[in-house]
Each structure stands twice: as structure tokens, then as C-alpha cells.
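Every chain is named by a letter (A, B, C and D) in the order it is written, and numbering of its residues begins at 1.
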Amino acid sequence: MKIALSTGGGDAPGLNAVIRAAVLSAVNRGWEVVGIKKGYAGLLGDDEVIPLTAESVRGIAHLGGTILRTTNRGNPFHYPVYLPDGSCEERDRSDEVIANAKALGIDALISIGGDGSLGIAQRLCEKGMKIVCVPKTIDNDVSGTVTTFGFDTAVSTALDAIDKLHTTAESHDRVIVLEVMGRHAGFIALHSGVAGTADVILIPEIPYDIEKVCDKIRARDKSGRHFSIVVIAEGAFPIGESPSIHGAHKVGEAERLGHVAERLAEAIEGRTRKECRSLVLGHLQRGGQPTSYDRLLAVRFGGAAVRAIAEKKWGHMAALQSPHIVFIPIKQVLGETKRVDPSHDLVLTARATGISFGD
Amino acid sequence: MKIALSTGGGDAPGLNAVIRAAVLSAVNRGWEVVGIKKGYAGLLGDDEVIPLTAESVRGIAHLGGTILRTTNRGNPFHYPVYLPDGSCEERDRSDEVIANAKALGIDALISIGGDGSLGIAQRLCEKGMKIVCVPKTIDNDVSGTVTTFGFDTAVSTALDAIDKLHTTAESHDRVIVLEVMGRHAGFIALHSGVAGTADVILIPEIPYDIEKVCDKIRARDKSGRHFSIVVIAEGAFPIGESPSIHGAHKVGEAERLGHVAERLAEAIEGRTRKECRSLVLGHLQRGGQPTSYDRLLAVRFGGAAVRAIAEKKWGHMAALQSPHIVFIPIKQVLGETKRVDPSHDLVLTARATGISFGD
Amino acid sequence: MKIALSTGGGDAPGLNAVIRAAVLSAVNRGWEVVGIKKGYAGLLGDDEVIPLTAESVRGIAHLGGTILRTTNRGNPFHYPVYLPDGSCEERDRSDEVIANAKALGIDALISIGGDGSLGIAQRLCEKGMKIVCVPKTIDNDVSGTVTTFGFDTAVSTALDAIDKLHTTAESHDRVIVLEVMGRHAGFIALHSGVAGTADVILIPEIPYDIEKVCDKIRARDKSGRHFSIVVIAEGAFPIGESPSIHGAHKVGEAERLGHVAERLAEAIEGRTRKECRSLVLGHLQRGGQPTSYDRLLAVRFGGAAVRAIAEKKWGHMAALQSPHIVFIPIKQVLGETKRVDPSHDLVLTARATGISFGD
Amino acid sequence: MKIALSTGGGDAPGLNAVIRAAVLSAVNRGWEVVGIKKGYAGLLGDDEVIPLTAESVRGIAHLGGTILRTTNRGNPFHYPVYLPDGSCEERDRSDEVIANAKALGIDALISIGGDGSLGIAQRLCEKGMKIVCVPKTIDNDVSGTVTTFGFDTAVSTALDAIDKLHTTAESHDRVIVLEVMGRHAGFIALHSGVAGTADVILIPEIPYDIEKVCDKIRARDKSGRHFSIVVIAEGAFPIGESPSIHGAHKVGEAERLGHVAERLAEAIEGRTRKECRSLVLGHLQRGGQPTSYDRLLAVRFGGAAVRAIAEKKWGHMAALQSPHIVFIPIKQVLGETKRVDPSHDLVLTARATGISFGD
């Protein structure tokens, strides 16, 4: 038996722990393991395929990033090809992927990635490739699983930032707006905001009214609380505007257009005359050591993926349905972005403790 | 409406976040809230009953401990009474508790505590008192809930210790034995040990064979890994011995008898001739700031408890059944210690990656 | 004896530890202590003067921010006065400060603040007020002291960010530019960059050549290191440009003009065709719990300030001249911004290990 | 030019950062570098000598421990030789060390170690070997340098423990005794205790009176503070007893005799009737990632050591004399344990804020 591993999409804390657990589980079964570098690029001659042994994965469980590296541009069905004239076009190179995997003697693949990677895996499975998946999403927006690794670390990093901003906001009587990840789903903003006792939380699932946001800040001011903390998901948008304007930009575009946090801070300062500051947490949320929760979940996913191969669960992904890891068909979750349910107990409790969602 | 809060048993990170969320939720409903200090002692004249307002709970969400203080000796059915001659006897003062709560105009109580507190609450409910509970256990041994606040922080503290010990063990070619909490349930040892890539994990649910433990250490030595990390729950015991000898000691007794970690380190050093060191993590696991996971869960439990009162769920406790908080009758979980299931995927994956349970 | 405390300028981790140590030291001498809120605003009727007792400072040593609050706009010699028509003009209200302090029976003041506060204290001392100072600067740019509290925490926060960005940069083959504080002095960038093994460090003391920066990134790429970390102080600027354009902007202006990090990332991406990302660490550097180093230094400064009063060291500030705390005349350090010496061993070692300063 | 590196004695956070900086500095000069494993064992055939390149030291700066491993039993002047009958005797193998280094073409050695390693280096220098040293001590007891790497991390770990114990002590009305490292010097106890606002600090430099310790605890109890935190250095001892009984035990002996913390906790509980708990922090203080302060200092020491070789400073060690790294003759510091000066400002401030030293 010879299996391969690859990681695709944005990195998330815990990827290396998945890799380590999968490699050790496979090696201890007597299987051979290889790693495909940079998503599928290793299978298309644009990067390497390397052997993975117990030695390769020593001491990596607590490291952020991925030893297999990753990319957002590795969809073999729309693979970027750079032409001699400097331009770039996309080609379907999926058959090459399948042929090259076969040529390398790869019997099965563990694909670790987000919504995009799951879709690719599904299509490759339909063409006969044997793939099991491990879901990966910082934003917690993959359906079918309570959560995935990386999310707890991202929330923890966001909470740490909120704690830091709290003391400085309070000392200076300021409003501070913190922008966190979450283009389509506001889980990071909601979880870190509630844990950090933010005053306002704005998420894509609940369009906000800037006046309601300012009302909350003014009410606090009147009651002697001269500072406020606003946590906003990058995909949040005002009532009446289309999400596409705000949330659905291309990667990197946000940096050029200006972040939502800056625009919100300006709007609040203009309306309340209070000193406002903004901060975009950005890539800090992807990096660093995974929390204990994420390391454990990653290990469980890695071990489960190898069992899934032994059980021939092609086209399935590992999922946490507490307290168990189960395997569910990828088809079931594809295209179903998990989003915050405004009637969830967490939202109710947040409102009950006085947090405003700007609605 | 006037409600009371109390905290009982050993402290756990997150207690203050529960208190804060419950107080704010209640105050925002227009209810009056009081805090009973030191478990039920405040209702028995041995400590205070204090008003709790929005102001009382400002800035406490991230603090460890409990502003209401706590005790392991506050069972009103077996309340310690110190006699003039210095001796101590236990009396049933439950009727006084009920009478004094009534006299103070308390309509309902939120009792935050572990197995002991749940049992007391059930008996007081049977006598007519109106109580809802929030489960609290560092060890994660309360049934009916995926987990409770404090556990993630304890695992995180244990993992941090394992990470620290790893580098020193490796540099010195040593075996290091780390003892963590878990008298009846090995969850802290299992979770931190797997996340920290320990080599041996010993838990009460899987009695161990000291020779098997040493075999693992010797095998590593032979393969060029001259160090090993052993994580042992305080309640773990060798095959053939009775758990009562090891795990079922009184509070504080362990400190006098010598810890299991020291004895295990001596046994390993004697058999393998390798340099061994031991460390007892002890109270570090109870203290400090809760992790983001625990802060959030604590907030959810606090908010849910107030809703439970509004819904008159007397004799129920809040429980996490991911992704929801539900209310379950205390009776259902009483006396049912949750323990590690040796066939759980986490144990399987641990074994698959090469971790020994000494069996 | 009755003394007062005030904090001015941007907040820095450790302020509360200074306050606590000073209050306890004074109270234990039998002195009375008051706190002036918001710099000198409390003495000008724009904010409060509050009594400070042992009880007031309980449990604050590890908290960020300042319980006395602070402001960047409290210079009594140029005090902002808001006119009925909404405009604002500055007036010299220093005599009121002195008179009001006298009226309150304040015998001496401990002023905790940065370069601005030191200057104000010096002028008030010249008018007869009895003041001793505790220097405060995140940037480490106050002369006469090896360092002050807050700097180590800021470096630690920046290093944590670098560690997080490292793993994501490496996984994605990216260049990441991190902007840290340091308008006139590059200590935070230098210390965090060297500790975090950055590849390029840009500071105000060493103007940079964008081509040299890109050369370093290209050289790494050629040697198989496809990612790079660039740490830039907010006041760094290219050779040939004037620092005033970049570094000397007003507070808040940076947010509007765009940060140096974004512009640098764009320039690098344009020249190297490598994927670049930028991050502005901003206020995270001011907030949160002080490190052990800063807590200790803050305590020492607080205790020393009270001894300085007992010794009538008016117009002096506490300073760390390792291993001792000494008192030096404020006059000696006023206007002498401490800056990185390009021939310091740290810069030499940084260069020796391969770090580029873009020169 | 060919140089060698070795690490000896107990590990300290920052060793790998020293190694990395020294290797890169040397390699960039065009020198060849080798690493001697396990102190001098690699030169005596008991372990390896390995080449060290830029590749060998990638990604190690933030890791605890030492990639060269270390030992407390590697003195070549008293080298342990295990005889066929199982016994062990010590022999002088220093001439072999010199001969083998010569045979390997090693021109100079950077020895990183504590007091013991410095003594060995001095004697080998006297026999003609070319050695420069980097001092290493967790306890901060090496003279001639303000501090060394590892100490700040140890203090930080101890402070984190104090913070954690504080909340649990306060919630339970307990006295908690924390034992930290420091056989001859109480710097870790003093620094972490003051930063953590401990109530009692006991260090070898100030013998304590158990009654004075209890007086402090009782006084707190009377004033409504029902808990206390006691930090004790492992080498602290009561007035009238000889330090040798307590502090001067062999490595490992403490674990068998019982720790000073346990005995102190029992004594306090016996006299005050308050519930006491004890904790021995032990090896946690040596492990883990170095703080930013220690990483930076380690890098500076590593870079300086290579410059010392270039300047032929044989028999010298790098030392921090803030803000500079200087080279001082080892002879100057040998045998001069640095100890806490009871008249230092830190001790004065500690007393002024109400901390008792038990005297």
C-alpha cells in the first residue's frame, strides 16, 4: 500500500499535526507514504513529491504551517499555465494528475483542504481516483463537522488581541474596531467577541445599521463607560448593501480597497465624535502554534483519515460529531457553507449580556 | 424576581465568566441577583451574601478563580460543625439553607459545581428549593455534557508542561514522568498526552504493566530516541492492584504519601537504568486565565442558566451537546462518572501513532 | 505627607504595576496618596482626583493600561480649550495646575510619562512644583535608562507576530512585511526582528535602498528559501527621502495615508513578482499583560519614585543603569531621543547572521 | 579556520539561539563549524562530532533544549569510566580531549556552559587549547554579566505559575508554597515573587524565621486577606541551620528527601491551622521556548563568541554589561557565585510594598 498526502488552500494551525498522525498511522501499518508539495503541483511537475517517514515528521506536531507547503492556485481543473508572453491561462490538467499519481504507484490520497479542495477531490473521485479528505477551514464554515482544527487557534489569537485592545481602549477612552477573518461566516468574530466581552459584534449573517452601532457606543458613554470594543468580520456589511461589495472580493483586494475596519472606524468617529482606532488582524490568525484543542483534533483527523483508507471510504471526509470522529460523503457538504445561526444560544446569550449586533 | 449564585468544590478556570454572564443576563431582565459566598456557607451564617450588579462583574470574565470563593467542605447535608473542644462533627443543616434562602427572598438558585454540588442540588430540589445547575469539572468526568469549562484550560496547561519537558528530556537523554489530574477519569492525561506526542500515557481506565511501560522506553532507546515522556493521571494504577490504593485517597493525602509520578519514575529508573525525573503539575491545572474555548463555554452556560430559570427547569443542569446547550435532569447524570472509553477514536489513533498505554 | 500620581501619553504595559508599587510604598510610610485622572486633567476640573489606598491597587499589577487613564492631549502649557463655536484653541493653564495641587494639599507628584511628560514636569518644577518622574516609552527612546517598562512587552508581542507570520509565509512562499512601532527609534523592529530571525529589518536610523531589500529576497529565493520576513519600523524611510515625509506624521495620520508596510509590500511585489502581504501591528503593542521583565522593572520604578520623594529629588527621574535604579536630572535627558547605534553589537551580529538592513 | 561548539551542564532556554547565531556568523566568514555532542563526550568517542551548516541550524532559534544535547557528567578532568564490574570511576581524560580536537583539525572551541564548564575551559586553556566561552545559568549566578539567557524565561515560567496559583489560593482561602530553582542564589524567587506580588519570598541569601513567615500570613488573615502566596528558592533555609543541609544536596537527592516546599507547607499548616498546598516547579523552569529577551541575548552571545575567536580572546567569556556585550577573562569570575544583595533596590522595594523575607 502506498498513500500520498497533500495540503491545499490557506494554511491553518494543525496541518502538521494531521500530517504527522497520518504518516505515523500509515507507517505503523507497514504502508509507504509520500507527500505531494504545494497542493497538486507536485503531481504536475511544478513541485516535488517526497517520501514521508517517521523521521520526516519528528517534532512537527506543534508547528504552524505545513511541511508540504500549500497554495490557493492549485486547482488541477483550472490550473494556471504561464505563457511565453507573460500572460496566464487556466487549463484542465486533472487527467495528468490521475496519470502521474498512477505512475508513482499511489494507491490512495489524503487531501487536506477547505471547500475548494473538497470540490476538487469530489471531481477527481468521480474520475476514479481514490481520495479521502480532511476538512480545513480557519473560518469554521465547512458543514457536517462541529468544527475543524485551526479555528480554535484563530479564535484564541483574536481573543488575545481583544484583551490587549481592551486595556488600551479603556485607558484612552477610545473606540477600537478589530477586523477578523470571516468572509461568509462570522464564527471567529462571534466566538472571540463573546469570549472577550466585546460591546459590538458585526457578522455577515446579521447586516448592521451604523446608527445602532453608534447608539450602543453612546449609551455606554452616558453610563460612564467611555470606551468600546467593536469586532467585525471581514465579510460583515450594512443593511441595504449587497454582501458582494464588501465580502466577496478577491484575495488581496481588501488590502488595496481599504479594510472594512478602517471604514467603520471612520464612520463611527464621524458620528459619535469619539476617538476611534482600527486594527486588521489578518494573517496573524493563520499562523503560529495550534492550541491544545486544535492539535488534538488535528491528530484525530489524521489518524481517522488512515482508517478511512483502510475502510475504502473514497469520497468521504473526516468530521467531528462530538464526541466522535465520523466519515461523511463529501457530496453531502459541498457548497453548503456553514454560517452562524442567529437563533443559536450563543447569539441569544450575547444579546442577553448586552452585546449589540448592530441590528 | 430575585436569584442567587453560588460556586462549590474545587475552582476551575471559567467560573467568573459563568458568574458574569448569568448576572448580566439576569440584571438585563430586571431581576435582582445575590451571590452566596463559599458554597452554602453564606446561607448558614459562616460567610456573606452579597448583592451582584453589572458593576460587580466588570472585568472578571478572563480571571481565574471565583469572586464568590469556594470550598470542598460545604455540603449542607453533612456540614462540618466545630465543637468547643476542637473536634468537628457533621450535621444536616439543609433545612436552615432552605429557610435562610426564603428569608432572603431568593426565588431561585444557580449552583455552579461538580458531582458533589449536583448531588446536593438534587436533594435540595427534592425538598422544594428551586435550583438550576451549571456543571463544573476540571477532569471532564461529568456525564451528559461533551465537556465543561476548565477542562480545556487544564489540558492546555498540561500540554504546555509537556512541551517544556520535551526539550529538556531530549537534551539530557532523560525519561520524564508528568503527573496530571484525573482521579477517576484520564481525560486530561489522554488529551494532553496525545496533543503533546507523549510516548506513554497511563490512565485509570487502562491499568498498566510496568514492564510494558519500560519496553516502550527501551524500544525508543534502541531506535536512537534516548528520551521519553510519560504522562500519568493521578488515579492510574498497575494491573492487579486495586484502584482504591492509588486513586481513592482523600484530598491532600497524595502530598503526604508521595505522588504516583515519583514512584513510577523510581520504578522506571530501577528497571531501565535510565535517568528519570518526575513532576507533579498539581494546582497549576486549576488556575489562571481560561482559554478562549473555556471562556466561551462558561459564558454560554451562564446565559443558559438564566434561561433555565425563566423556563422553570428546576433540577436541571446546562449541558453541551454540540453545537447546542441543552438542559438535562440532574438525576440523569448523578453518580455516573464519565470515563475514557478505551475504544474511542482518540485512543485508537494514539495507539496507531505509537503511543503506549502500558497494556 | 500627601503625594499624587498621574499617567500621561500613550499607555504602556506596566503602568499599573508602577502605580501599585508606589501606592503601597507610600501608604506603608504613612503617607496619603491621590491619583489624578487623565494626565493633568484631574487638576483642571476636566476629570477626577481620587484617593488611592492599598485597596485601590489590589490585583492590578498584571493588568495592562492604567487605572488612572491617560491622554495625549493633556499638556497644561498648551491645554486644549473647546470654544462655544466648536473650535479648539490651546492655553497655558500651568498656573492653575500648581494652584489646584496646592489647594488639594498635594506635597509632591509622581509623573509617569514619556518625553512629553518629562518636559512638562521640568517646566512645572521650574515654577516650584515638586515632581519626580518615572519614564515611560514603548519605543525605548528615552535617554539615560537602559530601558523602561513596556518595551519588553512590545518586543514580545512583535516577536509573537513574527513567529506566527513565519509559518504562514513559509507554507505559502510569500514575502510578509510587518510594521511595528518606532517613529524615531527602531528598537522594537531591531529587537523583535533579530530574535525572530527576520530576513530584512528596516529602521529610521538606517535609511534603506528598496533594491537592496529586493536583492536579499531574490538571493533567498535562489537558494531555495522561497519566503522572506521583513520587519519595518513605522518611521523607516528610503535613502534620499526626508524622514519627515514618513515618520513625522501626526497621530492618526498613518491610518489615513496608508501605512509604510502596505507601500513597501507593493514596491517589493512590483519588483520581485513575489506574492507579498503586509500587516500593521499597531495598538496590539501597547496592550495586554506586561511580561515578567516589565512587571519587575515597573515595580522597581514605582518603589524608587517614592524613595526619590523621601530624598527630595525634585526634577529627577528613575532610570535603570543595570543592575541599579538611579535618579538622574530630567534636564539631562530632555530632547535627547535615544536611537539605535548602527555600530552596536546587536546590529553587527544581525548583519553577521545574514540579516539585511537594506543598506 | 575550523571551529567547534559544545553545550554542557543543565539545559537553558536559548542554547539553540546561541548555536544558530554562532554557526551563521562563522559560516558567513567562510569558516567550517562542527558540533561536539554531549559536552566533551563527542571528543572522547562516547558520542558524535557533527558538521554544522546553515542548513543544520534552520528553524531552531525559538526551540528550547540544545541540538547538541548536554550532560552534567562530562568533565574531562573527572570523566566517568564504567568498569566491567559495573562500578564507575573518574579519570582525567583532558589530554585526549586536546589530542582529538587537534586530530579533527579544530582551531578553536566555543564552550557554552555554566560555572562547571567555565572551570573546565579555563583548565583546558591553560593546557593550550583555544576556547572562548558563553556563560549559561538558569539561576543567574554567574558573575561579571548582568544576566544570561534562560534566566528571563525561568522567571517568566515561575511568574506564570504564581499567577495561576493566586486565583486558586484566593478562591479557596489557602496558603500556597511554590518552590523554584536557586540552590545558591535566590534571583528566580526574588524576581518572580516581586513581579507576581507574592506575600513571602524566601531565598538562600536571607535565612528565614518560620514564625516571621507565619506572622505575615496571620496578619493578612486578620486584615481580610485569607490567602497567601509563598515563593521559596530550593536553597533557602531557616535561621540557625546550615545551608549545606538544605541547599547543597546532589542532583536528584531533593526528589528523594522531600522538597523544601512540602516541609515548609507542613510547618505553616501546623502553626497557622490554615489549609496549605505546595508545588515544586522543577524542570518546567528549564524548558520551552525562550522569551524574546532570552532569544535576543542568546543571539548576541552567539555572535559575540565568533568575534571573540576572530580577536583571539582565548580564555574569555561573553558578558552583558548593558547595553554592551563585552569579553572578560574567565579567571575573573570563576568560583564567584553571584548572589542577591539584600541591600539592592529590588529587595528594598519588595519590603516597602509589604513583602516579607521571613527575617
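Here is the rule we use: a residue touches a chain if its C-beta (ideal position, glycine included) is under 8 Å from a C-beta of that chain, and two chains touch if they have at least 3 such contacts.
Here the structure is a predicted model, which means the values were calculated and not measured.
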Reaching chain C from chain B through chains that touch each other, fewest steps: 2
Farthest chain relative to chain C (centres taken as mean CA coordinates): B
Cα-centroid distance, chain A relative to chain D, in whole angstrom: 41
Computed distance of Cα centres, chain B from chain A, in Å: 31
Interchain centroid distance [CA atoms averaged], chain B/chain D, Å: 34
Two or more partner chains touched - positions in chain B: 163
Touch-based graph of the chains, sorted into line, ring, star, complete or other: ring
Chain-to-chain touches, reported pairwise for every pair that qualifies: A-B, A-C, B-D, C-D
Residues on chain C engaged by chain A in the complex (per definition of touch): 7, 10-11, 13, 15, 63-66, 69-72, 157, 160-161, 163-168, 170-173, 176, 252, 255, 262, 265, 277-280, 282-284, 286-288
Touching residues on chain C, where the partner in the complex is chain D: 17, 20-21, 24-25, 28-29, 61-62, 146, 152, 155-156, 159, 163, 191-192, 194-197, 291-293, 295-296, 299-300, 302-304, 306-307, 321-325, 344-346, 348-350, 352-354
